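Letters A, B, C and D mark the chains as written, and numbering starts fresh at 1 in each.
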Amino acid sequence: MAAVRVGVIGVGMIGQDHIRRLTRVLAGSEVMAVTDSDLARAKSVADSLPAARMHTTGQDLIRDSSVDAVVVASWGASHEEYVLACIAAGKPVFCEKPLATTQEACLRILEAEVAFGRRLVQVGFMRRYDPAYVALKQTLSSGAIGAPLMMHCAHRNPSVPAHYTSDMAITDTTVHEIDVVRWLLDDEIMATSVLTPRRNRRAGELRDPLFVLLEMASGALVDVEVSVNIDYGYDIRGEVVGESGVATLAESNVITVKRSGSFMGHVPVDWRERFIAAYDAEFRAWLDSVEAGVPTGPSTWDGYAAAAVCDAALAALREGRRQLVALQKRPSFYD
Amino acid sequence: MAAVRVGVIGVGMIGQDHIRRLTRVLAGSEVMAVTDSDLARAKSVADSLPAARMHTTGQDLIRDSSVDAVVVASWGASHEEYVLACIAAGKPVFCEKPLATTQEACLRILEAEVAFGRRLVQVGFMRRYDPAYVALKQTLSSGAIGAPLMMHCAHRNPSVPAHYTSDMAITDTTVHEIDVVRWLLDDEIMATSVLTPRRNRRAGELRDPLFVLLEMASGALVDVEVSVNIDYGYDIRGEVVGESGVATLAESNVITVKRSGSFMGHVPVDWRERFIAAYDAEFRAWLDSVEAGVPTGPSTWDGYAAAAVCDAALAALREGRRQLVALQKRPSFYD
Amino acid sequence: MAAVRVGVIGVGMIGQDHIRRLTRVLAGSEVMAVTDSDLARAKSVADSLPAARMHTTGQDLIRDSSVDAVVVASWGASHEEYVLACIAAGKPVFCEKPLATTQEACLRILEAEVAFGRRLVQVGFMRRYDPAYVALKQTLSSGAIGAPLMMHCAHRNPSVPAHYTSDMAITDTTVHEIDVVRWLLDDEIMATSVLTPRRNRRAGELRDPLFVLLEMASGALVDVEVSVNIDYGYDIRGEVVGESGVATLAESNVITVKRSGSFMGHVPVDWRERFIAAYDAEFRAWLDSVEAGVPTGPSTWDGYAAAAVCDAALAALREGRRQLVALQKRPSFYD
Amino acid sequence: MAAVRVGVIGVGMIGQDHIRRLTRVLAGSEVMAVTDSDLARAKSVADSLPAARMHTTGQDLIRDSSVDAVVVASWGASHEEYVLACIAAGKPVFCEKPLATTQEACLRILEAEVAFGRRLVQVGFMRRYDPAYVALKQTLSSGAIGAPLMMHCAHRNPSVPAHYTSDMAITDTTVHEIDVVRWLLDDEIMATSVLTPRRNRRAGELRDPLFVLLEMASGALVDVEVSVNIDYGYDIRGEVVGESGVATLAESNVITVKRSGSFMGHVPVDWRERFIAAYDAEFRAWLDSVEAGVPTGPSTWDGYAAAAVCDAALAALREGRRQLVALQKRPSFYD
């Protein structure tokens, strides 16, 4: 096979991590071009790579004939423009979440992709590549616990940076559960409510924790505890309740230590420790799909649905009551 | 010490199990008298015990001077009468749940006990004596995880008998969580909602599962999954989410077996297996408290609060919306 | 049923704990008589009990017609005399371990009991009543893991008192595994070796840890780690390796706590915490067997076999090489 | 960085898996040449790769100036010749275990490498790259459990192929524990014994299980259960017993399922599932070390020590008694 020749738009922390992944971790790709709103940074990154040139705009990079496929890791507001340009150029694009910052922008991308006639877009919902979630989905598919009726989730961060807002608890944090439960349960979210339990004094002015309810089209009910100042670690919990059994994400510790009156297992300190292998697997799958010409990962539709549910959840948080999620009809294109 | 001389009102399955506990399991008591609405059954039980006489009414039994303390295990509608009679007689009484079948009846008992001037009543909420719940409470009290903000519960039965109704999912099943979270969090329930997820096809006409939300006076939020046809076992889950940690009921298996590709631990088959030791500990504590003259277990107030919350939850289930719980002011008597 | 009327010989720490068990924990017995080499202590204990008289000798107590059954909890060297007297008097006797301090003494008891014509003696190996070991035995009997080929054990104490010797690591510590593996595997120990790994600096002059190998008649091999200064807790481990699976004692924690980067479960601090329920169950079974007239617990033969294996293990430790265990032929009486 | 240009000697199952790893999994290498005793197979593999030529002998491949580094995955008896040729050519070589089939051959390699003046050889002991073993080593190094006194290991295979012999239980199976305990405990093995417990009827004529004792220079004692027909799965257990605590390999399941009366976690079916990530990490580290010019993995000394211990264990198995391991003095070169 020939290496997939990749261009990277946006070389901040996330973009550079993807470049490291493409050049130092995974076989099968070559980074041919980079760009960034900070051109000095783009130049510095390009210089560090054996084959990469710098472009002054994302549009130029997308047009570059040495670029087969594009990674969009720039700030969210620019995603729509770059993804649309990739579709126009007929080039596969991996777009970090969010696909776009509004439902309307997501729908414009969706229309463009449908008009183009085949899938080009993968959205960066990496949890679908985590071995534990994959095993959970296999168990559900096997019928081992019957039809899913409920799912209990918890998304816990030890702390968040100063610029983190209560809205980000929905759009940056809960959004991972929003995508992963749609995928696990193979179901759409039709309504959402957000409850605000007793406030954590460690959380300052933030509404923390939140308790988000997601009502699926099938009637299945998902609850998500969102605790972003819980100190003890980065802990992602999930339990699907079926008709005749339950399936639960296990602890991720690799050893157990007994000392001082306790047995103990390690809890991850951050998302990187917990999901680094999922990011690698996500890019492995994307490169393979580019090579094969058949996209398989989270689609434009998934990006749109996540945006629509986040909008509803933000309204639910603001207004203190249940909100319906009004999705467009799904084009058969995405079945 | 002298043995506590006990009279038992109601010798159906539960009453007979308590008699077995008093005569065959625990030191320190003697069953002196029994009665039942079915006098033949009462006679048969009395005849099987070395020291017990039969009474034709509960009132007679309560008046019997050879009876120091009374166990009420008759059907719920009769509890009020017998507990009031015990208070009138100044005799300690262990009353199986519910304390009475209406809030109003509970309040009448409460007024009588306050008027009498000291506690005489213990209500049969046995989970407070389960070693796992006791350890959970100790962890909360120790401050090890900070103030409690949320609690996630699940109450799962493999199946329920044919006469079980959706209302019983509140009054017979969720009532255990209603009491135990009040005790664990040292807090009152101020409002409740009941959500009805996708129905379990194993459940016939029942609304099963339910998802019950309990809002505590402190702002802490409790959620309770109630699944009564889940087939795999009797599984009581609980996790308290604090400001800096969480505390969770562990699995109760005593051995692990590896075979056929899995490691496996046993899940209890029913409440008896899971809580038999808690029932024993509950009676041990009650006998000790009778001997010491200082009641320590779940009180009339606890019986009343549980009834009030159950009423609100039944209304929430019926009307499909959140209900406030309007408790009377708690007499300082119960502090 | 009438209460079993018990006499207790030896009211030191263990004897008093058994008296507490008989009078404050378990239904169905009455302590009628006590004695002790320290008569003042015996009198003080007798005075604290409603029905107990003091005897000046164990022989007097055994002859007392108000005593149906005897508990021997005096020091080891006196066991033989009292157990023989009980057999002579035809009274059931619960004898704390060791049954006697030499194999020869055990054999004298065995001959007396066989001559008497039915079992009267139960030896205090309480692990056979621990729910985890009971579940292990049930799993073995069920055939779920095939025939047992090996068993890995660990016996860990946080620390030992100053008078503890390396010999006691065999006779007071490993003796529990010696009995329990004979019972679990339904097999006799035919040879033993004792290895002395690197010494724990926390152990002072003691040979600690030890690694004891027990070769069963079936060929199954048992290894026992004996660590008596391991600080972190009292931890009893056991894993049976069968032909097609393994079965393992689970952790005994009842809750799990997550804080400070770890999830944690409690390890027992001492044998009391770990096995208190087994002691209660052991006495429950003994009282029931006395009432039924059919002894079921660890027998004189078990006491003898344990003594013989301990002797061999002491020789193995002293001489640094494997020792055969030469058991007498087992009388069919004990089948 | 430039890609490491690799030649692969031996393209049977293992060699082809390493080629897959180098070309389809890991960034940073290019396979430039292959050879095999089966030239047709070599040609077929070369043809499937974009840049690889076929050589008719390993010596030719090693001399090829387009080859920077060599992977030896041919049959064991040929290892010595190829590794010596790599040293003569001054090229880094990754040699699958065993380094060579006799202690003497290992020593010849050792002498050649010492004479050459810097390390070139890495031996394929991949467990050192398993995250669980790495965490175990970190815990030991941290002092969290004190000095290591014992280690309990189990190496369990569900079944073995028909050509598997009792000797292979040492040289192919236990050899992994032999290396990993040397590394974990940072200690040499000075003596070994092999016990033969009751035979597994599933094992036919094989001596299965074995129980291997390894005595470390520090006095620490390691025991290894080797069960190669245990049916239930591929299960690698390890527990280090320190002076004040223990550290244990955790289960590797990623989800837990509750159904049919049990909670269950998956046990790996084979070494591939359990250690595939360790093989990837091993090659990642090797490529990085080739690029950096500083070998860090298991050395020629480690290959030699493993061979010496295997020889002693084979003698111990054959003769039924403890064998000393007589290691040469370790050249400071390998400190």
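As a working rule, a contact is a pair of C-beta atoms (placed from the backbone, for glycine too) under 8 Å apart; a residue touches a chain by one contact, two chains touch by 3 or more.
All values derive from a computational prediction rather than experimental measurement.
Visitor: On a CA-centroid basis, which chain has its centre farthest from chain D's?
Guide: That would be chain B.
Visitor: Between chain B and chain D, what distance separates the C-alpha centroids? Give it in angstrom.
Guide: Chain B and chain D have C-alpha centres separated by 58 Å.
Visitor: So the centre of each chain is just the mean of its C-alpha atoms; given that, what is the distance between chain A and chain B in Å?
Guide: Chain A and chain B have C-alpha centres separated by 45 Å.
Visitor: Whole-Å distance, chain B centre to chain C centre, using C-alpha means?
Guide: Comparing mean C-alpha positions, chain C is 38 Å from chain B.
Visitor: Mark out which residues of chain A touch at least two other chains, giving numbers and ranges.
Guide: Expected reply: 231-232, 244-246, 251, 253, 258-260, 265-266.
Visitor: Sort the chain contact graph into one of these: line, ring, star, complete or other.
Guide: Per interface graph, the chains form a complete graph.
Visitor: Enumerate the contact residues on chain C facing chain A in the complex.
Guide: Listed in rising order, the residues are 231-233, 235, 251, 253, 258-267, 269.
Visitor: Okay, in this complex, where on chain D does chain A touch?
Guide: Touching chain A from chain D are residues 1-2, 22-28, 50, 131-132, 135-136, 139, 144-145, 244-260, 265-266, 277.
Visitor: Can you list the chain A residues touching chain B in their complex?
Guide: That would be residues 146-150, 152, 154, 195, 197-202, 209, 211, 213, 216, 218-221, 223, 225, 227, 229-232, 241, 243-246 of chain A.
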